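We just call them A, B, C and D in the order they show up, numbering each chain from 1.
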Amino acid sequence: MIYCPNCGTANRDGSSFCNQCGQRLGGGSKATCPFCGAENPIENIFCDACGAKLAPLVTPGVEEKEKPTLKGLSLPTKPAGDEEGVPDSEAAVPQEPSAPEGEEEIPDWLARLRASLGEASEPAEEPPATEEFAAEVPGEGTELPEEELPDWLRELRAQPAPEEAGEEQVAPAVEEFAAAVPDEGAELPEEELPDWLRELRAQPAPEEEAPAVEEFAAEVPEQESPAEPEAEEVAPPVATPALAEQPEAEAPTAGIPALSEGEQPAAEVEPLAAWLQEEGPVILELSEEEMAEGGKEAPPVALGPDVPAWLETLASGAAVLPEELGPVLPTPGKPTPEEVGLERAAIPSWLEVLRPGRKREEGEEAPAEEPVETEGMLEGVRGALRLVPNIDPGPDQFVRAVSAAATVTPAHAETLTQVLARSTASSVRPRTVPVPRRERGLPWLAFLLLLAAVLIPLVAPGLVPGGALVPSARSAGDFAAQVQSLPPGAKVLISFDYDPSVSTELDWPVREVINDLKAKGATLLVMSTTPTGPGLAARMGLADTATLLGYLPGQEMGLQRLATSFSGAFLVDYQGRSVDEAALGVRSLGDMALIITAASSQDTVRWWVEQVGSQLNTPICAIVSGAIEPSVRPYYSSGQLTGLVSGWVGGLAYRQAISPDASLDAQGKAAVEAQSLGHLAIVVLIVLGNLAYWGKRLFGGRS
Amino acid sequence: MDGILELLGNSGITATQALMFILLLLVLPLLALFASQLRAGKRISIRPIRAFERLGTLIGQSAETGQPVHMSLGVGGIVDPSTAESLAGLALMEHVATEATACGAPLTVTVSDPTLLPLAQDTSRRVWETHPYQYQVQEPEARMIAPDATAYAAGVMDILLGERVAANIMVGRFGPEYLLMGETGVKSRVPQIVGAADPQVLPFVHATADDMLLGEEMFAVGAYLRPRPVHIASLRVQDWLRVFLILIIVLGVLLRSL
Amino acid sequence: MKVKFGRSLAIAITIGTGLLVLANFFVRNEFLRRVQQTLLDWAMILAAVALLLGAVNVVATHLRKIRGRRPGWAYSLFLLAALGTVVLLGFLDPRGVASPAVSWVFLYVHVPLQATIFALTAFFIASAAYRAFRVRSVDSFIMLVAGIIVLLGQVPLGQAIWDRIAAAKDWILAYPSTGGARGIILGVALGTILTGLRVLLGIDRPHVK
Amino acid sequence: MSDLSNLIGIWVSALLTVMVLSYLLGDNPLYRLAEHLFVGTAVGYAVLVAYYSLLRPRLILPLLQAPLENWTLVVPLLLALLLLARLNHSWRGAGMAPLAFLLGVGIALAIGGALFGSILPQVEGTMLSVNPADGGWGVAVGNLMLVIGTVSALAYFYFTGQGDTTWGRLRGGFLKAWRGLGKWFIMVTFGAIFASTVMSRLSLLIGRLQFLITEIPKTLR
C-alpha cells in the first residue's frame, strides 16, 4: 500500500497518483518546476519541460536566507490538494522570514506548502510573522501542514513521542522557546546546521563529528536516571527532554523497545510499542551499519548497543549544552554538566524543530489519517517514516529548519526513507542469524543422477528402450536433397554463426554437411557473423579447401549490406589478406547456389531470412542448435528456409537421408541413448521435486 | 487508396513501410496527450510489479550486512537491436545506484558489451557526484568482464561464488548463458531480481529468480521507480498500441477465416 | 555553460544519427542507404575502439585486485597472463587471429573451456528442473504438463512410451507455445519502441551528464 | 612438430575440461583457475578480432594508404580519439559525443528491428485462418489456440488501469480474465521452451564426455 502524503488515503502499490485527491505518489526525489509544474529529477538544473532554472529548488543560495522578510509569493505549482485538517494558524507560516523572494527561489516544499494553503494566504503585505507566532505558540502550538515535513523530521517525532515523561513539561518549555526564538534563531546561518542533522540523510556523518559524538555519549550516562521523576527534573532545562531521556530507557534486550513501556497514552503508542518491541533493534542495526559504512565514526558507545546512531547523537546533543551544539560539533568542546542549565534563549533554532509535539486538545482527533505501515519493519507504526510532520515546530524556526534541511537532504533522505520503508521483516533480523532465502534444491542429487544417466549409455550402450531409433525429420531430408541436387562446382556460402559454447552440438552436423558438399565438388565460401566463428571454421580443416572470408561485423546490418552488395563487405579475409572478388567470381550473394547458416541463436536465422532471403532467390538452409528449433521451425514451414537440421538428432536424420543404408556408428548410437536417458533423468528430477514439495506441504516436515 | 500507394511507391515507400511508419507516428500525439492529461491531474493507476517493490528491500539488506549488491546489465550493447534492453538495465541501475549510495550499500555493476561500459561508468559517477558526501561513500564500481557472453557469465558466476553478494539484480539482454548465472545465484542463495526479454531465456529466469521482470515489464523501470508524467504516459501509450495490435490481429484473423 | 553546450550537442547527435539510420527502414533511397551504411561503419569502428577501452578496464580491475591482495587475487594473475599471452601472440604475427600460435590457444584452450563451461548448463538445467516444475498452482501444473510432453517427445525413449508423443510435442510447440512466445515478443517490441522513442525525443538521456 | 603440438593440445584441453567439470564437486580452485583463464583468453581474442578485422582494415589501413579517398574516416577517427580520451579522468566528458553517436545508431536499430523484425512478421504470422474449411479441424483448432495465446499473452502485460468507475471496473474484470488466460499460455511456452532447451544442453554435455572418453584413449595408442 502506498499512503498519500496529502490525504493519507491508502492506494494500491504502484499507484502514481492518489485515488482520493490526485496527489502524486511515490517518491519525492523530484523538483517541481515553478513555471510549468513539470516534475524533474532532482539532479536537473533546468526543467526538462520548459527549461526554467530549477537549481534553487534544490540548493537555495545563501542570499535567500538573509532576506528577513517575505515578499509576495504566488504559487505556480499544483493546485491545493486536501485542505482539511490544516489548522488556521498555519496561514501565517508562509510569511516566515526566511522564505525567499522571487518565485524561482521558492524551495519546492515551500511551494507545495503554499499550494496546500490555498490562495487565501497571499501574504505579501503582512509584517514578519514572528511575533504573531510567539504569541500563539505557548497556548496552542501550531500544527503544520503534514505534507510539508520531510520524513526524517517526522521520524524524529514519531520516536520521541512515546517518551515524553509528561506533557505538562512541554508546554512551559514551549513558552520559553517561543519568547526566545524570534531574536535568536533567526540569525542562525544555515551553515551551522549541525552535522548530525545532515547525517540523517543516510550517509555516514562527516569525520569531524565523531569525537563529539563520543564525548557526548560519554556524558549521558552520568545524567542518566532510570525513572520518570528524574526525567522530569532534567526536562525543564533541557531543550528536548524526551530526547535526552531516550538513552536511559534501556531495556534488557534493546534500547528502543523499552522506550515504549507504558508511559505514553498517546494514540500512536500502541502500534509503536508493538513495533518497537519486535523490530526495534533492526533499525538500529541499519543505522549503525550506515554509520559504520564511513568507517570514521566512533562506535556509538554508552547508550547501549542498540540505540540507533542518530538517536544517540540526538540524545547526547540535546542533553548537553544545546546552545553550543552548533558551534561545538565541528570542533568538539568539553561541555560540562553545568552548562546544561543555560537559558533556553540560546537554543539554536534547528533544535527547536525537535521539540516534542504539543499536547493534543481534548476531543481533538488524533491524526487518524496518518498512514500506518503495513509492511516492512515498521509494520504497524503510524506515520513512522512518512512525509508527514508530527513535530510541533517552533513558529518560524520550523520553516527555517525545514528549509535548511530541505536544502541538504532532499533526495537522499527521501531515498533512505524509501529504502527503510520497504524493508521487510526479513531484513531486520540480527546479522548473526542467517537469512533463510530458499532451499537448496538438492543440486548434488540432480548432478549425480544426470551424470549417471548420461554416462551409462556412453560406457555401455544398448540398454535403453527405444534404442537409437532416429526420428526421421522431413526438414533434414529437404536439407539433404538440397545438398544432393547441387551441380558440381556450385558456389556454396557457409556461415558459421555459432560460437564455441555450442560447438559440441553443431560441429558434428556441420562437418557432415561440409563433407558432403566437398564430395559434390562444390566451391565453398566460409564466413561468420560471430567473432569466433572463423576460428571454428579454420578448425574444420577448411583453410586449404575453401575460401575463408572471415568475420562480417555488424550483425543484422552487416548481412543487410552483404545482401545489397557483396563487394566491400569483406575487406580482408581470415588470414588478413584482402579479398579479391573478381578471382572468386562472386559479385553478389545471388551468385551462390546455396546458403547455409549454422546458428545458435534464432535471431541470426531471422537476419538471414529477412535481410538476405527476402532480397535474393538463393535457397537458404539452416543448421541450428536444438534449443532454438521451435522458434526457427516457422521459417521452414513458411518456405523461407528450404532445409533445417537441428542439433544432433537432426544431424543423424540428415545422414540417414543422404545414405539410407548406412547404420549409425557406435558413438552415434551411444549418444542418442544418452540423450534419451538424460531426458528421463530430468523427468525423474521433476517428479522428485514435486514429491519433496508435496510431501512437505501435506505432512509438514523440516523447514 | 491505390493512388496513395503508387505515390508512396514512387518515392520508395512500400505499403508495409507506410503502415509501420504510421504506427510509429501514432506514438507521438498519444504520448503528448497522456502526458498533458497526467500533468493536469488525471489519475492513472499502474498494476503493481513485485520486483520493483522488492528492490529496496534487497538494497537495505545489503546496507545492513555490508555485502555488496551485484547488478548485471546483460550482454547487450548500445549499437545493436538489444539497445532498448540495455537502456532499461541502465535506468534501473541508476535507481539502484542512487539507493545504494544513499544508504551505503556497496554496489558492483558488470557489463559484457564494451559499448555499454562507458554509460554504466558515467551513470555510477553521476550518482556518486550528486551525493553530498561523495568522498565518504563508495562510488559504485562499473566494470566490464568480457565481451563474450559465456565468458561474461563465467565472470558473474565468479562474483556470485566468491564475493558473498547480498543481492543479484540482473536486467538487460540475456541469452542462453543466463542459466549459468541464475542457477549459481540460487546455489549461493543470493536473492535475485531478473529482467529479461528473450522468450528463450524467460523460462530459466522464471526458475531461478525470486522476482522477475517478465518481458516488457523491464521497460517500465522509469514509470515505476522515477515516475514522471511522461514515463507513465509512455506506459499508457504502450497499452494503447497493444490494443491496436490486438484489434489488427483479430481483424486479420476474421478476414482470413471468412 | 560548457557543460550545457556539451549536453545539447550530445543530445543533438543522438537524435540526428538516430533519425538518419531510422529513416532507412521506411524509405528505399540510395542516398539515405549510403548515409546509413557509412554511419554503421563508423559505429562498428567505434565499437571496436570501445572494446579496447573495455579491455583496459578489465586489466585495470584485475591489477587493482592484485595490488590490493583482495580475495582471489591470484586468479587474476592467471587471467591477466592468459589475456596478455593471447594479445602478444596475436600482435607478434601479422596474421593475427589466424596465426598458428593464436589458433592453437583458441583450439585447445579457449574452445574446450567455453564448450565445457557452457555444458555445465546441462547440470544447471537439471537442478532448475527439480525446482521449477513444482505444482503449486494451476499455472505451474500447465507448465509441468507442457514441459514433460515436450521433454519426452524429443527422444526415442518417449516414443517407446507413447507413440503419439512426438505429435503432441509438435502440436504444443507449433501452436500454444508459439502463441505465448509471440505475445511476449510483441510486448517487448512495443516496449522497445517506446523506450527508443523516449531517447530519440530527448526525454530520456542515459548518456548525458 | 605439428603432431606433438596437437597431442599436447588434446591433453591440455582434456585437462581444462576436467578442471571445469570439477565444479560439480563444488566451487574449487581448479575450476576458478580454468574460469579465469577462459575470461582472459576471451578478452584477448576479442581484442585481436577488433583490431584485425575492424580497426586495421576499416580505419587504419585506409587512412594510411589512401587518406584522400577515405577522408570521411576522419570523423570516426576523431570520435575514436574522443572515446579514448576517457582514459584520462578529467577528459571523461569528451566521450559524450561518440557515445551519443553510438546510442543514436543503436536506438534506430532497436526501433527498426522492433517494427520490422518483430511486430510486422509476428502480427502477419498470427493472422491465420481459424476456418476448418481451410485446413481441417486440427489446423483450425491449433490456429485458434495460437491466436488466443498471442492476444492473451499480449494482454497479460497490460500496465495501466482506469479509475473506479463502472466502465473501469468492467474493463478491469475483463482484463483480469484475459490476463489469467495469458498467464496460462505463457506457462505453456515456458514449459515447452525449458524442455526443448534440455535437448540441446544435454547434447553439449554428452559431447564433452564423449570427447574425454574417446579422444584421450586415442592419444594413448
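One rule holds for everything that comes next: a residue touches a chain if its C-beta (ideal position, glycine included) is under 8 Å from a C-beta of that chain, and two chains touch if they have at least 3 such contacts.
Because the structure is predicted, anything quoted here is derived from the model rather than measured.
Q: Counting contact pairs per chain pair, which pair wins?
A: C-D
Q: Nearest chain to the global Cα centroid?
A: Ranked by how close its C-alpha centre lies to the overall one, first comes B.
Q: If you take the mean of the Cα atoms for each chain, which one ends up farthest from chain D?
A: Here the answer is chain A, farthest from chain D.
Q: Between chain A and chain D, what is the separation of their C-alpha centroids in Å?
A: 25
Q: Distance between chain B and chain C based on Cα centroids, please, to the nearest Å.
A: 14
Q: Using mean CA coordinates as chain centres, what's the gap between chain C and chain D in Å?
A: That gives a centre separation of 3 Å.
Q: Mark out which residues of chain B touch at least two other chains, giving numbers and ranges.
A: 20, 24, 43-47, 77, 79-81, 83-84, 115, 118-119, 122, 126, 145-148, 150-151, 154, 158, 162, 176-177, 186-187, 199-200, 202-204, 206-207, 214-216, 220, 223, 232, 235, 238, 242, 245, in rising order.
Q: Going by the touch rule set out above, which residues of chain C reach two or more other chains?
A: Residues 25, 40, 43-44, 46-47, 50-55, 58, 72, 75, 96-97, 106-107, 110-111, 114-115, 117-123, 125, 127-129, 131-133, 144, 147-148, 151, 154-155, 173-174, 177-178, 180-181, 184-188, 190, 192-193, 195-197, 199, 203, 206-207, 209.
Q: Mind pulling the residue numbers of chain D that touch at least two other chains?
A: 24, 32, 35-36, 38-39, 42-43, 45-46, 49, 52-54, 58, 83, 86, 99, 102-103, 105-107, 109-111, 113-117, 119, 123, 125-126, 147, 150-151, 154-155, 157, 163, 186, 189-194, 196-199, 201-202, 204-205, 207-208, 211, in rising order.
Q: Could you draw the chains as nodes, link the ones that touch, and say if you get a line, ring, star, complete or other?
A: Shape = complete; every chain linked to every other.
Q: Hey, which residues of chain C end up touching chain D in the complex?
A: These residues of chain C touch chain D: 3, 6-7, 9-11, 13-22, 24-25, 38-56, 58, 72, 75-76, 78-87, 90-91, 96-97, 102, 104-123, 125, 128-129, 132-133, 138-140, 142-151, 154-155, 171-190, 192-193, 195-197, 199-200, 206-209.
Q: Can you tell me which positions in chain B touch chain A when the two form their complex?
A: 38-39, 41, 43-49, 52-57, 59-61, 63-66, 80-81, 98-99, 101-104, 126, 130-133, 136-137, 148-150, 175-177, 186-187, 189-191, 199-200, 210, 223-229, 232
Q: For chain D, which residues count as touching chain A in their complex?
A: 24, 45-46, 49, 52-54, 56-58, 109, 113, 116-117, 121, 125, 163-164, 192-193, 196-211, 213-214
Q: Considering only the defined contacts, which chain D positions touch chain B in the complex?
A: Counting only chain D, the residues touching chain B are 27, 32, 35-36, 38-39, 42-43, 45-46, 83, 86, 92, 95, 99, 102-103, 105-107, 109-111, 113-117, 119-120, 123-124, 126-131, 134, 147, 150-151, 154-155, 157-163, 186, 189-191, 193-194, 197.
Q: In the complex formed with chain B, which residues of chain A make contact?
A: Answer in residue numbers: 11-19, 22, 24, 26-27, 29-30, 37-43, 48, 78-79, 198, 201-204, 206-207, 285-286, 289-290, 292-294, 296, 376, 408, 411-412, 415-416, 418-424, 426-427, 431, 435, 437-438, 440-441, 443, 499-501, 532, 555-556, 600-603, 627-628, 631.
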